[in-house]
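Presented below are the structures under discussion, each in the form of structure tokens.
Same chain, two partners: subunit A is paired with subunit B first, then with subunit C.
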Partner chain A sequence: MAEEKLLDFAREITGRLGGETITNCYQCGTCASTCPVARTTERYNPRQILRLALLGQRDEILKGDAIWLCASCYNCQERCPQKVEIADVIYALRNIAIQEGNTPAIYTDFATALISEGRLAPISKFLEKKRAEYGLPAIKPTGLEALKKILAATGFDKIVFKKEGATK
Partner chain B sequence: MTSYALFLGCTIPARQPHYELAARKALTKLGIQLVDLDGMTCCAPPPIQSIDLETSLAVAAYNICLAEEADLNIVTLCTGCFESLTIANRLLKEKPKLREKINKVLSNAGKEFKGTKEVKHYLQVLMGDVGVDRLKQNVVKPLKNLKVAAFSGCHLLRPSEILRFDDPERPRIFDTLIEALGAKSIPYKNKLRCCGGLLRGYADDVALAIARDKIVNAYNAGADCISTLCPFCFLTLDLGQTLIKATYKEEYNLPIIHYAELLSLSLGVEPKELALDFHKVKIDKVLEKIR
Partner chain C sequence: MEEAKVGVFLSDCGGQIPKILDFEALTNFVKSVPGVALVARGSEFWRGQGLQTIVDAVKTKKINRVVVAETVPKISEVAISKAVERAGLNSHLVEVVDIKDHCAWPHRDMPKEATEKAKAMILAAIEKAKLMEPIDKAEFPSVKSVLVIGGGVAGMQAAEDLAEMGFQVYLVEKEPFLGGLAAKAVRFFPTDDCAICIQSPASLTAVTQTSRKCVYRSGLSEIPNLNILTNAKVVKVEGGPGNFKVTVERRPRYVDEKKCVACDLCTSVCPVESPDEYNARLSKRKAIYINKPLVYPPVYVIDAKACKFHACAKCVEVCPTKAINLDKKPEHLTLNVGSIIVATGFREYDPSVIKEYHYGEYPDVVTHLELARMLDAFGPTGGVPVRPSDGKPAKRVVFVQCVGSRDRRWNPYCSSICCMISLKHATMIKEAFPDTDLTICYIDIRATGREHEYYYEKAREMGVKFVKGRPSEIIHDPATNTLIVEVEDELLRRLLELEADLVVLATAMVPSEDAKELAQILGIELDQDGFFKEYNAKLRPTETKRRGIFICGGSVFPKDVPTASLHAHSAAVKAAKFLMNGKIVKDLRVAVVNQDYCGNCQFCPVTCPYGAITLEPKGEGHFAAKVSELLCEGCGVCVGTCPVGAIELRHLKPSQISAQIRALLAVNGTSKPLVLAFSCSECGHAAVDSSGMAMMSYPANVRVLRVPCTGIIQVHHILEAFKAGAQGVMVVGCKPDGCHYEVGSQKAKQKVEMAKMLLQAYGIEPERLEMFNLVFVEGDKFAEAAKAMTERVEKLGPLQFA
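The block that comes next holds the complex of A and B.
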């Protein structure tokens, strides 16, 4: 029974975009040894994340802090001898966590900016004035209407604004 | 004249007009026409990929569709935009099932990804369309005596299997383009390692510790400046030095300069024509060296 549960989480990850290669991991540790974050803080170790995920430790992974500490530098993925797409696996794990309402505040901010402005950095009046002074063209409006249709089709707002802990 | 749809992304137009201004001036001087298309949005970089990979691919593909409709290849200044758009462009070109799925999403916005265009970083345009020899011929003010710590940022090189920009372990393109301006690209410890920028906002202390390493390593190697290509790397290392001063009580005053600014200066653009007041760490020491 326990073994079934263990495999469930691995299947869930390999069934997702980005997560396909996780089961290739043989725990050599190349990822952790080349990771700039793992060298800086004990809060993050990619090898441990992969092992815990393959051991079916769903809650520890999805509700924990570690998956949010990947800097997306892709060093691990570049050097993995087993071609585990580690950075992409982390994205897949983050995708599942957010789908279940475990969303760090900064990601809610990013999503809000994308949905309301079509861009992640707002443009201030100061900048608009500065741009004109430098002879830079006025910033073109984003294709917000089209973007909203795309985000509605993928269910983006429903994914990200799910209430904390509303899982299972 | 070679024309490209200029993909500016979010951070450059909103926060770093000095980058945009220098890039527009330099590329135009070198005979590259930049076209500003209507309706471009965010490229859907790692923060959006973290929320939902499928959405990020659809948003990136939407922007590529706009370039396809205008019959233009895309040039990016931001390394992050280069990565997100290239990943979408490559995956959707090579994976028919994924493309079908994303096209279904795009059809809601009246778009279809056809896979007819290229996404290039501006360094590829300099290498391919301008060429190193012609670039050298256009340099009127060689950046002699300037020791530059080249820092491309992660997403120019990795994941190399998809980006296919340069050798990910021993890249040469960026260094070649720095040396074409007459400067010296110097080696320094952990040159290819991340600046930690994407952890800002979630784990500021970790991000700053990683950024500090980069500054210290370039400083100890005797660099006059660090040259960047990515607006996040710029922010992390430029504003970062103010934070390092506050947190670690250490002062480096190491100028961080986008490559487009070095390029503009070497092509004869006057410093006053560039928006150099957007640098937190002032670059006067560098300007004196190349006067």
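The block that comes next holds the complex of A and C.
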């Protein structure tokens, strides 16, 4: 791995919102041993993600599925002795991945729902009936037009569908 | 002032300089300058025949100011000043300029321009010399007596050194017994000997010289001029270097040191029990107690917080020598000392703030000092590592490294000795109890000292397991009273759950609790981590900004015993050197305040890096600044700060700065625009030196005016330079955080910014002014900056005053 590449990727990450602290990492493993996801699957280990990132393994991270497994519980971030904002670094990595069209299908589904209906979860007849039973008020329609404007202004719609369903 | 008769001595460096500079023209020019009484040319003037020529000229009274154009300026300045003084002239009536490294060498490919620059340099030196006045020496009496604060390894070492050198020494320890943290550490690396012996009060007569390897057994208490004051604390310091008046408060021991025979009867009758601090609160002690088995002083003490005093007084009744007096009150002593050494050491960080490790909550999570007490045969568990929760021997021990150290949340630094402490403890346990299962969880093992790696090797040989990984949580299983340490073995990339009876936290080492208060009392600084800050971490590791106050040992940074000893010796030598003459002799190259002008703005007392300025009452609520001749280092930062010009330096008066500005810009001889570079005498000037020494070329239109520190520069100096013909001005100082006078370089930066604003207001391009922060090895950068600045002003064209 070329040194240039190594520095480039680290710089790319520190230049993004949430990614600023990645170079603090000294690979102590506290995050890995506290991470509930790492506990259940070998496919995900936050320390290893940071290591790969710092060593410039851009493709392995952005094209793989590991970064999408983080549960955003922030256990790691709370305990990291170097104040690496690990969960936020993972978000920064996800943002890069999405911008490059490596969006997992489920995220594309969510995004599609958001753009077309203004919500992540569709509202079914069943749901409406249940709410009525519990005496909850009917769900108001979302300000879909306003939302669409916002999503368009931020470029959200274009980013999401850049390369639809590129990864699993 | 007598009329100045300047002698100018031009060194041609064995004929090398005239190959570049036109010496004829130079000599004729110098001869024509008013006030010059003699011009001599030679091969060198700082030694041998050349130096004799100067001496003769002074002796025959032909001249009373000496200007030398030399080629080895730093050494030559000293040599010439001394020779001149022996010849009967004040040593400060000398000015030396370096026509080799500052002129001939860097401008060797522009000989004509170089000759003109040399003329300007020598002219400036002559004009400065004409305005020189003699500067006297002053003597300040000092007492041959030293206060050492802190009776741990470092403090005892320094106190012993100084006492044996013949100084009167007061060793003040806040605890009732000497020994500090080290005394609790059972054994030391790298010698593996015990901590107990370092507390021994054995007298000189009782031990052979070979025991002197151990500082405590060298008979500390038997050194006649060493006064050991335990249970005591410094509460006030007045006076100054050479003559401090120190108030020490001594808490009562309630037991007469001269009467107690250490029979232990008192302890046996005392009904009060409280946690034993010495044993890390793992056992109990009576209200009247002694740290066992060997301590200094070998005298019992009453813990005033626990004792019921007259409601009980059982010990008083039983004491066979009537040594106990419960009515003793604290005493205040006043000590007169010439210098002070701080050796207050460090302490263990309380790791209970690191919630995930549950220290203070789970009794079987302990610190390494608590383990050390268990490993002491005289300690609370008789040398056996146990689970404090039930007293059962610990069969499985997990060490956790870097607890609160290298942790940006608590203490970002590496405490430097904890890896070694854990390795020492692990090997000790394996030696005594080979069946114990030991695991050390580490981020990096740091065993960098002499023989330290050996401990790491030994631990592996003995079967200590090493897991690379920092635990994220310690869990307690109440069913089995077992601790579970969650850690990722990074090398296996596997999550481990290590079961343990005892978890030992290698907790950080932090400054002693009273460091802040003491720093305030002494007027010295702490670093960002709260340790005492040295004057210069590289070459003056035991000095502080306050003359006569020194620091050593763990009070500066956590240290092992050998390093603390070395540091203490260094502080002792510094303190001795400072006081050995019984007086402090000083050239009065200091600042003076014209009190009639002083507007009492109070800027200078705050700005002086050495606390040398105080405000003196002048009646009716008026105050005026006054400079302490003893404390002033002569940097001139105050001069640059005073808004009304009430302060000047004896060795560089305002008139001398102006005269040099004008002279340096009076001769050009090139088509290039003149640039004046103010440089400090330290890093800035060194960078100019080194660019010349390395024969780096830059244009001869750049002229250098040396000041002690760039902090002296005021906005009007910069404007004066432009007025006198400079098209550009450079300010060359130390790095902002490496200024030899602490704040000077930063102050200069502020002045430069202010001047830029003013220039703009006058319609002058602010780019004509720039500050550079350089060090000796950056001569290339100076040459580059000089070139770039010249090009910049060339491009801007001639300066137009609006």
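A few points about this structure:
By our rule, the second predicted complex is superposed on the first by the 160 of 168 C-alpha atoms of A that agree within 3 Å, B and C clash if a C-alpha of one lies under 4 Å from a C-alpha of the other, contacts with A are read in each partner's own complex, and residues count from 1 in each chain.
Simple rule for what comes next: a residue touches a chain if its C-beta (ideal position, glycine included) is under 8 Å from a C-beta of that chain, and two chains touch if they have at least 3 such contacts.
Note that the structure is a prediction, hence the values are computed from the model and not measured.
Superposition of the two structures on subunit A leaves subunit B and subunit C fitting side by side, clash-free. Contacts of A:K140 after superposition: subunit B is touched, whereas subunit C is not reached.
When the two complexes are overlaid on their common chain A, residue A:P81 makes contact with subunit C while staying clear of subunit B. Look at A:Y91: by the touch rule set out above, it reaches subunit B but stays clear of subunit C.
By the document's definition of touching, of the two partners only subunit C reaches A:N45; subunit B does not. Touched residues of subunit A were counted for both subunit B and subunit C, and B has more of them.
After the two structures are overlaid on chain A, the closest C-alpha atoms of subunit B and subunit C sit 6 Å apart. For the contact definition in use here, the residues of subunit A common to its subunit B contact set and its subunit C contact set are 75. Within the complex formed with subunit A, the subunit C residues making contact are 356, 402, 406-409, 443, 468-473, 486-488, 490, 493, 495-496. For subunit B in complex with subunit A, the residues that touch the partner chain are 9-11, 13-15, 17, 20-21, 24, 36-42, 44-55, 57-59, 62, 66, 98, 104-106, 108-111, 154-155, 158-160, 168-169, 193-194, 196-199, 201-203, 206-207, 209-210, 213, 275.
Of all residues in subunit A, only 24, 26-34, 38-39, 45, 47-48, 75, 79, 81-83 touch subunit C in the complex they form. On the side of subunit A, the complex with subunit B involves touching residues 16-18, 36-37, 40-41, 43-44, 68-69, 71-75, 77-78, 85, 87-88, 91-92, 94-95, 98-99, 103-104, 106-107, 109-111, 114, 118-124, 127, 130-131, 134-137, 139-144, 146-147, 149-154, 156, 159-160.
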